Amino acid sequence: MNLGLDVSDRDGWAVLAVSGEVDVATVPRLREELHRLVADGKHRIIVDLDKVDFLDSTGLGVLVGGLKRVRAHDGELVLVCTQSRVTKVFEVTGLTKVFAIHDSVDAAASSGG
Amino acid sequence: MNLGLDVSDRDGWAVLAVSGEVDVATVPRLREELHRLVADGKHRIIVDLDKVDFLDSTGLGVLVGGLKRVRAHDGELVLVCTQSRVTKVFEVTGLTKVFAIHDSVDAAASSGG
Amino acid sequence: MGEVVRVEIPPRLEYLALARTLVVAAAGMHGPWSGHRLADFEVAVSEACTNAVEAHRLVDQDGPIAIACVSHADRFEVSVIDRGPGLDAQVLRDLPAPSGPARQGREGGFGLPLIRRLADEVRFESSPSGTAVHLVLRRGDTRG
Amino acid sequence: MGEVVRVEIPPRLEYLALARTLVVAAAGMHGPWSGHRLADFEVAVSEACTNAVEAHRLVDQDGPIAIACVSHADRFEVSVIDRGPGLDAQVLRDLPAPSGPARQGREGGFGLPLIRRLADEVRFESSPSGTAVHLVLRRGDTRG
(Lines give C-alpha, C1' and ligand atoms only; values in the text may rest on other atoms or scores of the structure.)
Protein backbone atom coordinates (compact mmCIF):
# COMPACT_ATOMS: atom_id res chain seq x y z
CA MET A 1 0.00 0.00 0.00
CA ASN A 2 1.24 3.36 -1.00
CA LEU A 3 1.49 5.05 2.40
CA GLY A 4 4.69 5.84 4.27
CA LEU A 5 4.87 6.65 7.98
CA ASP A 6 7.97 7.73 9.82
CA VAL A 7 8.23 8.86 13.43
CA SER A 8 10.97 11.01 14.94
CA ASP A 9 11.45 13.47 17.81
CA ARG A 10 12.02 17.23 17.58
CA ASP A 11 12.26 19.66 20.48
CA GLY A 12 9.78 17.76 22.61
CA TRP A 13 7.40 17.10 19.73
CA ALA A 14 6.75 13.73 18.11
CA VAL A 15 6.98 14.23 14.35
CA LEU A 16 4.91 11.87 12.24
CA ALA A 17 6.02 12.23 8.60
CA VAL A 18 3.42 10.88 6.21
CA SER A 19 4.11 10.18 2.54
CA GLY A 20 2.14 8.77 -0.37
CA GLU A 21 -1.61 8.43 -0.53
CA VAL A 22 -3.90 8.77 2.46
CA ASP A 23 -7.24 7.35 1.44
CA VAL A 24 -9.90 5.17 2.96
CA ALA A 25 -7.84 2.05 2.13
CA THR A 26 -4.60 3.23 3.73
CA VAL A 27 -5.95 5.45 6.51
CA PRO A 28 -6.28 2.65 9.12
CA ARG A 29 -2.47 2.59 9.38
CA LEU A 30 -2.35 6.35 9.97
CA ARG A 31 -5.06 6.04 12.63
CA GLU A 32 -3.19 3.22 14.40
CA GLU A 33 0.06 5.15 14.38
CA LEU A 34 -1.59 8.24 15.88
CA HIS A 35 -3.34 6.17 18.55
CA ARG A 36 -0.08 4.41 19.36
CA LEU A 37 1.75 7.74 19.79
CA VAL A 38 -0.92 9.06 22.13
CA ALA A 39 -0.93 5.79 24.08
CA ASP A 40 2.85 6.13 24.39
CA GLY A 41 2.37 9.48 26.08
CA LYS A 42 3.22 11.67 23.08
CA HIS A 43 0.70 14.46 23.37
CA ARG A 44 2.48 17.07 21.30
CA ILE A 45 2.42 15.81 17.74
CA ILE A 46 3.47 17.35 14.43
CA VAL A 47 1.94 15.56 11.45
CA ASP A 48 4.09 16.39 8.43
CA LEU A 49 1.92 16.10 5.31
CA ASP A 50 4.38 17.70 2.92
CA LYS A 51 5.15 14.42 1.12
CA VAL A 52 1.49 13.44 0.83
CA ASP A 53 0.25 13.16 -2.76
CA PHE A 54 -3.37 12.55 -1.96
CA LEU A 55 -5.57 13.06 1.10
CA ASP A 56 -9.26 12.25 1.27
CA SER A 57 -12.06 12.85 3.75
CA THR A 58 -11.17 9.84 5.88
CA GLY A 59 -7.68 11.31 6.29
CA LEU A 60 -9.27 14.52 7.55
CA GLY A 61 -11.43 12.50 9.91
CA VAL A 62 -8.46 10.68 11.42
CA LEU A 63 -6.57 13.94 11.94
CA VAL A 64 -9.60 15.49 13.65
CA GLY A 65 -9.78 12.36 15.82
CA GLY A 66 -6.08 12.66 16.65
CA LEU A 67 -6.51 16.29 17.62
CA LYS A 68 -9.36 15.40 19.98
CA ARG A 69 -7.26 12.69 21.61
CA VAL A 70 -4.21 14.85 22.31
CA ARG A 71 -6.38 17.74 23.52
CA ALA A 72 -8.00 15.35 26.01
CA HIS A 73 -4.47 15.19 27.48
CA ASP A 74 -3.95 18.95 27.20
CA GLY A 75 -1.72 18.28 24.23
CA GLU A 76 -1.59 19.63 20.70
CA LEU A 77 -1.54 18.31 17.14
CA VAL A 78 -0.32 20.62 14.41
CA LEU A 79 0.22 20.09 10.72
CA VAL A 80 2.97 20.84 8.22
CA CYS A 81 1.90 21.30 4.64
CA THR A 82 2.87 23.61 1.79
CA GLN A 83 1.14 21.76 -1.03
CA SER A 84 -2.03 23.42 -2.20
CA ARG A 85 -3.55 20.15 -3.36
CA VAL A 86 -3.55 18.98 0.24
CA THR A 87 -4.24 22.28 2.04
CA LYS A 88 -7.25 22.74 -0.25
CA VAL A 89 -9.19 19.92 1.41
CA PHE A 90 -8.62 21.57 4.80
CA GLU A 91 -9.79 24.91 3.43
CA VAL A 92 -13.02 23.74 1.83
CA THR A 93 -14.03 21.80 4.94
CA GLY A 94 -13.31 24.72 7.24
CA LEU A 95 -10.61 22.75 9.04
CA THR A 96 -8.01 25.48 8.55
CA LYS A 97 -9.81 27.07 11.51
CA VAL A 98 -9.32 23.92 13.55
CA PHE A 99 -5.72 23.01 12.72
CA ALA A 100 -2.60 25.15 12.84
CA ILE A 101 -0.90 24.50 9.47
CA HIS A 102 2.79 25.37 9.25
CA ASP A 103 5.22 25.66 6.34
CA SER A 104 7.93 23.49 7.86
CA VAL A 105 8.60 21.15 10.76
CA ASP A 106 10.91 23.84 12.19
CA ALA A 107 8.14 26.41 12.18
CA ALA A 108 5.75 23.90 13.70
CA ALA A 109 8.19 22.85 16.43
CA SER A 110 8.80 26.45 17.48
CA SER A 111 5.07 27.24 17.48
CA GLY A 112 3.21 27.85 20.70
CA GLY A 113 1.40 24.53 20.30
CA MET B 1 2.11 13.39 -25.96
CA ASN B 2 4.63 11.82 -23.71
CA LEU B 3 7.62 11.66 -26.07
CA GLY B 4 10.72 13.86 -25.88
CA LEU B 5 13.20 14.29 -28.73
CA ASP B 6 16.44 16.23 -28.48
CA VAL B 7 19.14 16.49 -31.14
CA SER B 8 22.80 17.36 -30.57
CA ASP B 9 26.21 16.73 -32.18
CA ARG B 10 29.02 14.58 -30.81
CA ASP B 11 32.30 13.84 -32.56
CA GLY B 12 30.75 13.78 -36.00
CA TRP B 13 27.67 11.88 -34.90
CA ALA B 14 24.15 13.27 -34.63
CA VAL B 15 22.79 12.25 -31.26
CA LEU B 16 19.02 11.84 -31.04
CA ALA B 17 18.07 11.56 -27.38
CA VAL B 18 14.63 10.05 -26.95
CA SER B 19 12.67 10.16 -23.70
CA GLY B 20 9.25 9.03 -22.54
CA GLU B 21 7.04 6.54 -24.31
CA VAL B 22 7.59 5.39 -27.87
CA ASP B 23 4.40 3.71 -28.96
CA VAL B 24 2.26 3.60 -32.08
CA ALA B 25 0.67 6.94 -31.08
CA THR B 26 3.92 8.84 -30.57
CA VAL B 27 6.19 7.05 -33.06
CA PRO B 28 5.31 9.26 -36.04
CA ARG B 29 7.32 12.08 -34.43
CA LEU B 30 10.34 9.81 -34.00
CA ARG B 31 10.05 8.70 -37.62
CA GLU B 32 9.86 12.30 -38.86
CA GLU B 33 12.86 13.34 -36.81
CA LEU B 34 14.96 10.46 -38.15
CA HIS B 35 13.92 11.20 -41.72
CA ARG B 36 14.71 14.87 -41.23
CA LEU B 37 18.21 14.07 -39.90
CA VAL B 38 18.95 11.83 -42.88
CA ALA B 39 17.57 14.44 -45.28
CA ASP B 40 19.89 16.98 -43.60
CA GLY B 41 22.83 14.78 -44.49
CA LYS B 42 23.35 13.27 -41.04
CA HIS B 43 24.19 9.70 -41.86
CA ARG B 44 25.94 8.76 -38.62
CA ILE B 45 23.27 8.72 -35.96
CA ILE B 46 23.28 7.69 -32.32
CA VAL B 47 19.79 7.09 -30.97
CA ASP B 48 19.97 7.39 -27.20
CA LEU B 49 17.14 5.32 -25.71
CA ASP B 50 18.33 5.47 -22.11
CA LYS B 51 15.49 7.77 -21.00
CA VAL B 52 12.83 5.75 -22.78
CA ASP B 53 10.25 4.23 -20.43
CA PHE B 54 8.38 2.23 -23.02
CA LEU B 55 9.13 1.04 -26.55
CA ASP B 56 6.78 -1.02 -28.67
CA SER B 57 7.02 -2.84 -31.99
CA THR B 58 6.38 0.26 -34.05
CA GLY B 59 9.39 1.88 -32.36
CA LEU B 60 11.49 -1.10 -33.42
CA GLY B 61 10.12 -0.75 -36.94
CA VAL B 62 11.06 2.91 -37.18
CA LEU B 63 14.58 2.22 -35.93
CA VAL B 64 14.98 -0.57 -38.48
CA GLY B 65 13.73 1.86 -41.13
CA GLY B 66 16.23 4.50 -39.98
CA LEU B 67 19.06 2.00 -40.13
CA LYS B 68 18.16 1.10 -43.71
CA ARG B 69 18.09 4.78 -44.69
CA VAL B 70 21.51 5.68 -43.28
CA ARG B 71 23.05 2.51 -44.67
CA ALA B 72 21.78 3.51 -48.11
CA HIS B 73 24.16 6.45 -47.66
CA ASP B 74 26.96 4.28 -46.30
CA GLY B 75 26.13 5.62 -42.86
CA GLU B 76 25.42 4.01 -39.52
CA LEU B 77 22.77 4.12 -36.81
CA VAL B 78 23.71 2.82 -33.38
CA LEU B 79 21.78 2.71 -30.13
CA VAL B 80 22.47 3.59 -26.53
CA CYS B 81 20.50 1.71 -23.93
CA THR B 82 21.22 0.22 -20.53
CA GLN B 83 17.66 -0.43 -19.44
CA SER B 84 16.67 -4.05 -19.60
CA ARG B 85 13.01 -3.24 -20.13
CA VAL B 86 13.95 -1.65 -23.45
CA THR B 87 16.83 -3.91 -24.53
CA LYS B 88 14.53 -6.88 -23.96
CA VAL B 89 12.36 -6.03 -26.97
CA PHE B 90 15.49 -5.93 -29.14
CA GLU B 91 16.59 -9.29 -27.78
CA VAL B 92 13.36 -11.19 -28.28
CA THR B 93 13.00 -9.92 -31.84
CA GLY B 94 16.57 -10.82 -32.73
CA LEU B 95 17.39 -7.16 -33.39
CA THR B 96 20.40 -7.23 -31.07
CA LYS B 97 22.08 -8.89 -34.06
CA VAL B 98 21.11 -5.99 -36.28
CA PHE B 99 21.85 -3.01 -34.04
CA ALA B 100 24.98 -2.16 -32.11
CA ILE B 101 23.75 -1.29 -28.62
CA HIS B 102 26.12 0.70 -26.41
CA ASP B 103 26.11 1.58 -22.72
CA SER B 104 26.67 5.30 -23.18
CA VAL B 105 26.76 8.00 -25.83
CA ASP B 106 30.55 8.21 -25.27
CA ALA B 107 30.97 4.53 -26.01
CA ALA B 108 28.74 4.81 -29.06
CA ALA B 109 30.56 7.89 -30.40
CA SER B 110 33.93 6.18 -30.13
CA SER B 111 32.63 3.01 -31.76
CA GLY B 112 33.71 2.02 -35.23
CA GLY B 113 30.23 2.78 -36.54
CA MET C 1 -20.82 13.54 -26.97
CA GLY C 2 -17.15 12.91 -26.56
CA GLU C 3 -15.31 9.64 -26.30
CA VAL C 4 -15.93 7.52 -23.29
CA VAL C 5 -13.44 5.70 -21.12
CA ARG C 6 -15.17 3.37 -18.74
CA VAL C 7 -13.64 1.30 -15.98
CA GLU C 8 -15.25 -1.26 -13.72
CA ILE C 9 -13.70 -2.11 -10.38
CA PRO C 10 -14.58 -4.63 -7.69
CA PRO C 11 -16.43 -2.95 -4.79
CA ARG C 12 -13.34 -2.86 -2.61
CA LEU C 13 -11.48 0.08 -1.15
CA GLU C 14 -8.14 -1.25 -2.44
CA TYR C 15 -9.26 -0.38 -5.97
CA LEU C 16 -9.90 3.31 -5.32
CA ALA C 17 -6.31 4.28 -6.07
CA LEU C 18 -6.60 2.51 -9.41
CA ALA C 19 -9.84 4.32 -10.21
CA ARG C 20 -8.17 7.64 -9.41
CA THR C 21 -5.19 6.80 -11.60
CA LEU C 22 -7.51 6.04 -14.50
CA VAL C 23 -9.58 9.20 -14.08
CA VAL C 24 -6.52 11.43 -13.80
CA ALA C 25 -4.98 9.82 -16.90
CA ALA C 26 -8.22 10.22 -18.88
CA ALA C 27 -8.71 13.83 -17.78
CA GLY C 28 -5.04 14.54 -18.51
CA MET C 29 -5.61 13.50 -22.12
CA HIS C 30 -8.38 16.06 -22.40
CA GLY C 31 -6.74 18.97 -20.58
CA PRO C 32 -4.96 21.17 -19.90
CA TRP C 33 -6.52 21.98 -16.52
CA SER C 34 -5.22 25.05 -14.76
CA GLY C 35 -3.57 25.03 -11.35
CA HIS C 36 -4.48 22.12 -9.13
CA ARG C 37 -8.02 21.84 -10.44
CA LEU C 38 -7.48 18.26 -11.61
CA ALA C 39 -6.00 17.32 -8.23
CA ASP C 40 -9.07 18.80 -6.51
CA PHE C 41 -11.38 16.99 -8.89
CA GLU C 42 -9.52 13.75 -8.16
CA VAL C 43 -10.45 14.08 -4.49
CA ALA C 44 -14.12 14.59 -5.40
CA VAL C 45 -14.10 11.52 -7.65
CA SER C 46 -12.36 9.45 -4.99
CA GLU C 47 -14.98 10.41 -2.40
CA ALA C 48 -17.78 9.41 -4.77
CA CYS C 49 -16.06 6.06 -5.35
CA THR C 50 -15.62 5.51 -1.62
CA ASN C 51 -19.35 6.10 -1.10
CA ALA C 52 -20.12 3.70 -3.95
CA VAL C 53 -18.00 0.93 -2.38
CA GLU C 54 -19.69 1.53 0.97
CA ALA C 55 -23.11 1.46 -0.71
CA HIS C 56 -22.34 -1.98 -2.21
CA ARG C 57 -21.30 -3.25 1.22
CA LEU C 58 -24.58 -2.15 2.74
CA VAL C 59 -26.52 -4.44 0.43
CA ASP C 60 -23.90 -7.19 0.04
CA GLN C 61 -23.56 -6.35 -3.63
CA ASP C 62 -20.47 -8.02 -5.12
CA GLY C 63 -20.92 -6.57 -8.59
CA PRO C 64 -18.62 -3.95 -10.00
CA ILE C 65 -18.72 -0.21 -9.61
CA ALA C 66 -18.48 1.61 -12.93
CA ILE C 67 -16.65 4.85 -13.51
CA ALA C 68 -17.25 6.50 -16.86
CA CYS C 69 -15.27 9.50 -18.15
CA VAL C 70 -16.55 11.63 -21.00
CA SER C 71 -14.90 14.67 -22.46
CA HIS C 72 -17.33 17.29 -23.76
CA ALA C 73 -16.60 20.60 -25.44
CA ASP C 74 -17.31 22.55 -22.28
CA ARG C 75 -16.45 20.01 -19.59
CA PHE C 76 -14.97 16.69 -18.51
CA GLU C 77 -17.53 14.54 -16.76
CA VAL C 78 -17.04 11.51 -14.55
CA SER C 79 -19.97 9.31 -13.54
CA VAL C 80 -19.62 6.92 -10.62
CA ILE C 81 -22.33 4.28 -10.84
CA ASP C 82 -23.16 1.86 -8.05
CA ARG C 83 -25.82 -0.75 -7.36
CA GLY C 84 -26.18 0.14 -3.72
CA PRO C 85 -29.40 0.97 -1.84
CA GLY C 86 -29.76 4.42 -3.35
CA LEU C 87 -29.15 7.77 -1.77
CA ASP C 88 -31.88 9.28 0.32
CA ALA C 89 -32.84 12.73 -0.94
CA GLN C 90 -33.02 13.68 2.70
CA VAL C 91 -29.30 13.01 3.14
CA LEU C 92 -28.49 15.56 0.48
CA ARG C 93 -30.88 18.14 1.89
CA ASP C 94 -29.66 17.70 5.45
CA LEU C 95 -26.08 18.11 4.47
CA PRO C 96 -24.60 20.80 6.73
CA ALA C 97 -22.49 23.47 5.10
CA PRO C 98 -18.97 22.11 4.62
CA SER C 99 -17.48 24.51 7.09
CA GLY C 100 -20.43 24.56 9.45
CA PRO C 101 -19.94 23.64 13.09
CA ALA C 102 -21.66 20.25 12.74
CA ARG C 103 -18.74 18.99 10.62
CA GLN C 104 -15.93 19.58 12.99
CA GLY C 105 -17.20 17.56 15.87
CA ARG C 106 -17.32 14.35 13.83
CA GLU C 107 -14.58 12.20 12.42
CA GLY C 108 -16.55 11.24 9.30
CA GLY C 109 -19.01 12.85 6.96
CA PHE C 110 -16.58 15.06 5.08
CA GLY C 111 -17.20 13.14 1.84
CA LEU C 112 -20.26 14.79 0.32
CA PRO C 113 -19.11 18.29 1.33
CA LEU C 114 -15.78 17.67 -0.43
CA ILE C 115 -17.59 16.38 -3.52
CA ARG C 116 -19.75 19.50 -3.65
CA ARG C 117 -16.85 21.87 -3.17
CA LEU C 118 -14.16 20.22 -5.29
CA ALA C 119 -16.19 19.38 -8.39
CA ASP C 120 -17.50 22.30 -10.42
CA GLU C 121 -20.92 20.68 -10.56
CA VAL C 122 -22.47 17.50 -9.16
CA ARG C 123 -25.68 15.70 -10.05
CA PHE C 124 -27.06 12.73 -8.15
CA GLU C 125 -29.38 10.22 -9.78
CA SER C 126 -30.65 7.64 -7.40
CA SER C 127 -33.15 4.81 -7.19
CA PRO C 128 -33.53 1.83 -4.86
CA SER C 129 -31.33 -0.14 -7.26
CA GLY C 130 -28.40 2.21 -7.18
CA THR C 131 -26.89 5.64 -7.52
CA ALA C 132 -25.06 7.53 -10.22
CA VAL C 133 -23.04 10.55 -9.17
CA HIS C 134 -22.05 12.79 -12.06
CA LEU C 135 -19.07 15.03 -11.34
CA VAL C 136 -18.18 17.87 -13.68
CA LEU C 137 -14.85 19.58 -14.28
CA ARG C 138 -15.57 22.66 -16.38
CA ARG C 139 -13.22 23.94 -19.07
CA GLY C 140 -12.13 27.53 -18.97
CA ASP C 141 -12.71 27.78 -15.28
CA THR C 142 -9.58 29.28 -13.83
CA ARG C 143 -10.43 28.77 -10.21
CA GLY C 144 -7.98 26.75 -8.21
CA MET D 1 -11.96 -16.67 -10.36
CA GLY D 2 -10.34 -13.56 -9.03
CA GLU D 3 -11.61 -10.01 -9.09
CA VAL D 4 -11.96 -8.33 -12.42
CA VAL D 5 -10.94 -4.85 -13.44
CA ARG D 6 -12.31 -3.97 -16.84
CA VAL D 7 -11.66 -0.87 -18.89
CA GLU D 8 -13.18 0.20 -22.16
CA ILE D 9 -11.37 2.64 -24.41
CA PRO D 10 -12.29 4.28 -27.70
CA PRO D 11 -10.62 2.52 -30.63
CA ARG D 12 -7.92 5.17 -30.94
CA LEU D 13 -4.17 4.89 -30.57
CA GLU D 14 -4.08 7.86 -28.17
CA TYR D 15 -5.75 5.67 -25.54
CA LEU D 16 -3.12 2.91 -25.54
CA ALA D 17 -1.00 4.66 -22.93
CA LEU D 18 -4.04 4.87 -20.68
CA ALA D 19 -4.77 1.16 -21.18
CA ARG D 20 -1.17 0.34 -20.25
CA THR D 21 -1.35 2.52 -17.15
CA LEU D 22 -4.47 0.70 -16.02
CA VAL D 23 -3.06 -2.78 -16.65
CA VAL D 24 0.21 -2.00 -14.87
CA ALA D 25 -1.69 -0.55 -11.89
CA ALA D 26 -4.00 -3.58 -11.73
CA ALA D 27 -1.12 -6.06 -12.05
CA GLY D 28 0.88 -4.09 -9.48
CA MET D 29 -1.94 -4.64 -6.96
CA HIS D 30 -1.61 -8.38 -7.48
CA GLY D 31 2.16 -8.74 -7.52
CA PRO D 32 4.96 -8.73 -6.71
CA TRP D 33 6.40 -9.60 -10.12
CA SER D 34 10.10 -10.28 -10.24
CA GLY D 35 12.58 -8.32 -12.29
CA HIS D 36 11.14 -6.54 -15.30
CA ARG D 37 8.52 -9.18 -16.00
CA LEU D 38 5.66 -6.71 -15.59
CA ALA D 39 7.39 -4.26 -17.93
CA ASP D 40 7.75 -7.03 -20.52
CA PHE D 41 4.13 -8.03 -20.07
CA GLU D 42 3.12 -4.37 -20.52
CA VAL D 43 4.68 -4.42 -23.99
CA ALA D 44 2.75 -7.58 -24.92
CA VAL D 45 -0.53 -6.04 -23.72
CA SER D 46 0.18 -2.82 -25.59
CA GLU D 47 0.80 -4.73 -28.83
CA ALA D 48 -2.47 -6.61 -28.43
CA CYS D 49 -4.28 -3.30 -27.87
CA THR D 50 -2.62 -1.76 -30.95
CA ASN D 51 -3.83 -4.69 -33.04
CA ALA D 52 -7.32 -4.30 -31.59
CA VAL D 53 -7.45 -0.61 -32.52
CA GLU D 54 -6.24 -1.44 -36.03
CA ALA D 55 -8.82 -4.22 -36.31
CA HIS D 56 -11.63 -1.74 -35.47
CA ARG D 57 -10.32 0.63 -38.13
CA LEU D 58 -10.45 -2.07 -40.77
CA VAL D 59 -14.19 -2.48 -40.31
CA ASP D 60 -15.02 1.12 -39.32
CA GLN D 61 -16.04 -0.03 -35.89
CA ASP D 62 -16.42 2.93 -33.51
CA GLY D 63 -17.31 0.84 -30.49
CA PRO D 64 -14.97 0.43 -27.55
CA ILE D 65 -12.16 -2.02 -27.06
CA ALA D 66 -12.37 -3.83 -23.74
CA ILE D 67 -9.43 -4.80 -21.59
CA ALA D 68 -10.18 -7.11 -18.68
CA CYS D 69 -7.69 -7.96 -15.94
CA VAL D 70 -8.21 -10.95 -13.66
CA SER D 71 -5.93 -12.12 -10.91
CA HIS D 72 -5.93 -15.90 -10.40
CA ALA D 73 -4.03 -17.93 -7.84
CA ASP D 74 -1.44 -19.01 -10.40
CA ARG D 75 -1.51 -16.11 -12.85
CA PHE D 76 -2.59 -12.60 -13.81
CA GLU D 77 -4.54 -12.61 -17.04
CA VAL D 78 -5.38 -9.74 -19.37
CA SER D 79 -7.93 -10.14 -22.15
CA VAL D 80 -8.02 -7.63 -24.99
CA ILE D 81 -11.37 -7.86 -26.73
CA ASP D 82 -12.16 -6.21 -30.06
CA ARG D 83 -15.03 -6.21 -32.54
CA GLY D 84 -12.79 -6.24 -35.58
CA PRO D 85 -12.90 -8.64 -38.54
CA GLY D 86 -11.36 -11.54 -36.64
CA LEU D 87 -7.90 -12.95 -36.89
CA ASP D 88 -7.16 -15.43 -39.60
CA ALA D 89 -5.79 -18.68 -38.16
CA GLN D 90 -3.42 -18.62 -41.10
CA VAL D 91 -1.81 -15.41 -39.82
CA LEU D 92 -0.91 -17.15 -36.57
CA ARG D 93 0.41 -20.26 -38.33
CA ASP D 94 2.47 -18.29 -40.83
CA LEU D 95 4.08 -16.20 -38.14
CA PRO D 96 7.84 -16.41 -38.67
CA ALA D 97 9.99 -17.04 -35.63
CA PRO D 98 10.58 -13.72 -33.86
CA SER D 99 14.24 -13.69 -34.64
CA GLY D 100 13.94 -15.31 -38.04
CA PRO D 101 15.33 -13.52 -41.06
CA ALA D 102 11.88 -12.60 -42.44
CA ARG D 103 11.42 -10.17 -39.55
CA GLN D 104 14.40 -8.00 -40.00
CA GLY D 105 13.75 -6.89 -43.51
CA ARG D 106 10.42 -5.32 -42.65
CA GLU D 107 9.56 -2.25 -40.65
CA GLY D 108 6.35 -3.74 -39.23
CA GLY D 109 5.10 -7.09 -38.09
CA PHE D 110 6.97 -7.24 -34.79
CA GLY D 111 3.71 -7.15 -32.86
CA LEU D 112 2.60 -10.78 -32.66
CA PRO D 113 6.16 -12.04 -32.12
CA LEU D 114 6.53 -9.66 -29.17
CA ILE D 115 3.19 -10.80 -27.75
CA ARG D 116 4.27 -14.44 -27.97
CA ARG D 117 7.64 -13.84 -26.40
CA LEU D 118 6.79 -11.30 -23.70
CA ALA D 119 3.66 -12.91 -22.28
CA ASP D 120 4.09 -16.26 -20.54
CA GLU D 121 1.16 -17.65 -22.47
CA VAL D 122 -1.21 -16.34 -25.14
CA ARG D 123 -4.55 -17.63 -26.39
CA PHE D 124 -6.43 -16.22 -29.34
CA GLU D 125 -10.18 -16.59 -29.70
CA SER D 126 -11.50 -15.24 -32.91
CA SER D 127 -14.67 -15.11 -34.96
CA PRO D 128 -15.85 -12.87 -37.80
CA SER D 129 -17.30 -10.54 -35.18
CA GLY D 130 -14.12 -10.00 -33.26
CA THR D 131 -11.09 -11.27 -31.45
CA ALA D 132 -10.14 -11.84 -27.84
CA VAL D 133 -6.46 -12.14 -27.03
CA HIS D 134 -5.77 -13.59 -23.60
CA LEU D 135 -2.33 -12.78 -22.23
CA VAL D 136 -1.00 -14.56 -19.18
CA LEU D 137 1.59 -13.46 -16.63
CA ARG D 138 2.40 -16.49 -14.47
CA ARG D 139 3.18 -16.28 -10.79
CA GLY D 140 6.31 -17.85 -9.45
CA ASP D 141 8.05 -17.57 -12.79
CA THR D 142 11.38 -15.99 -12.10
CA ARG D 143 12.40 -15.44 -15.68
CA GLY D 144 13.10 -11.91 -16.65
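In order of appearance the chains are A, B, C and D, and numbering begins at 1 in each one.
We adopt the following convention: contacts are C-beta pairs under 8 Å (C-beta built on N, C-alpha and C of every residue); 3 or more make two chains touch, one makes a residue touch a chain.
Source: prediction; values computed, not measured.
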item: Maximum centroid distance from chain C, chain identifier (CA atoms); value: B
item: Inter-centroid spacing, chain B versus chain A (mean Cα positions, whole Å); value: 48
item: Centroid spacing, where centroids are CA-atom means, of chain A and chain D in whole angstrom; value: 43
item: Rounded Å distance between chain A and chain C, as computed from the means of their C-alpha atoms; value: 25
item: Centroid spacing, where centroids are CA-atom means, of chain C and chain D in whole angstrom; value: 30
item: For chain C, residues contacting two or more additional chains; value: 14, 17
item: Per-residue multi-chain contacts in chain B, two or more chains; value: none
item: In contact (per the touch rule at the top): chain pairs; value: A-C, B-D, C-D
item: Contact footprint of chain D on chain B as seen in their complex; value: 2, 21, 23-25, 54-58, 60-62, 64-65, 84-85, 88-89, 92-95, 97-98
item: Residue ranges of chain D touching chain B (in the complex, touch as defined); value: 13-14, 16-17, 20, 35-36, 39-40, 42-43, 46-47, 50, 53, 98-100, 103-104, 106-111, 113-114, 117-118
item: Complex interface listing, chain C residues touching chain D; value: 3-10, 12, 14-15, 17-18, 21-22, 25-26, 29, 64
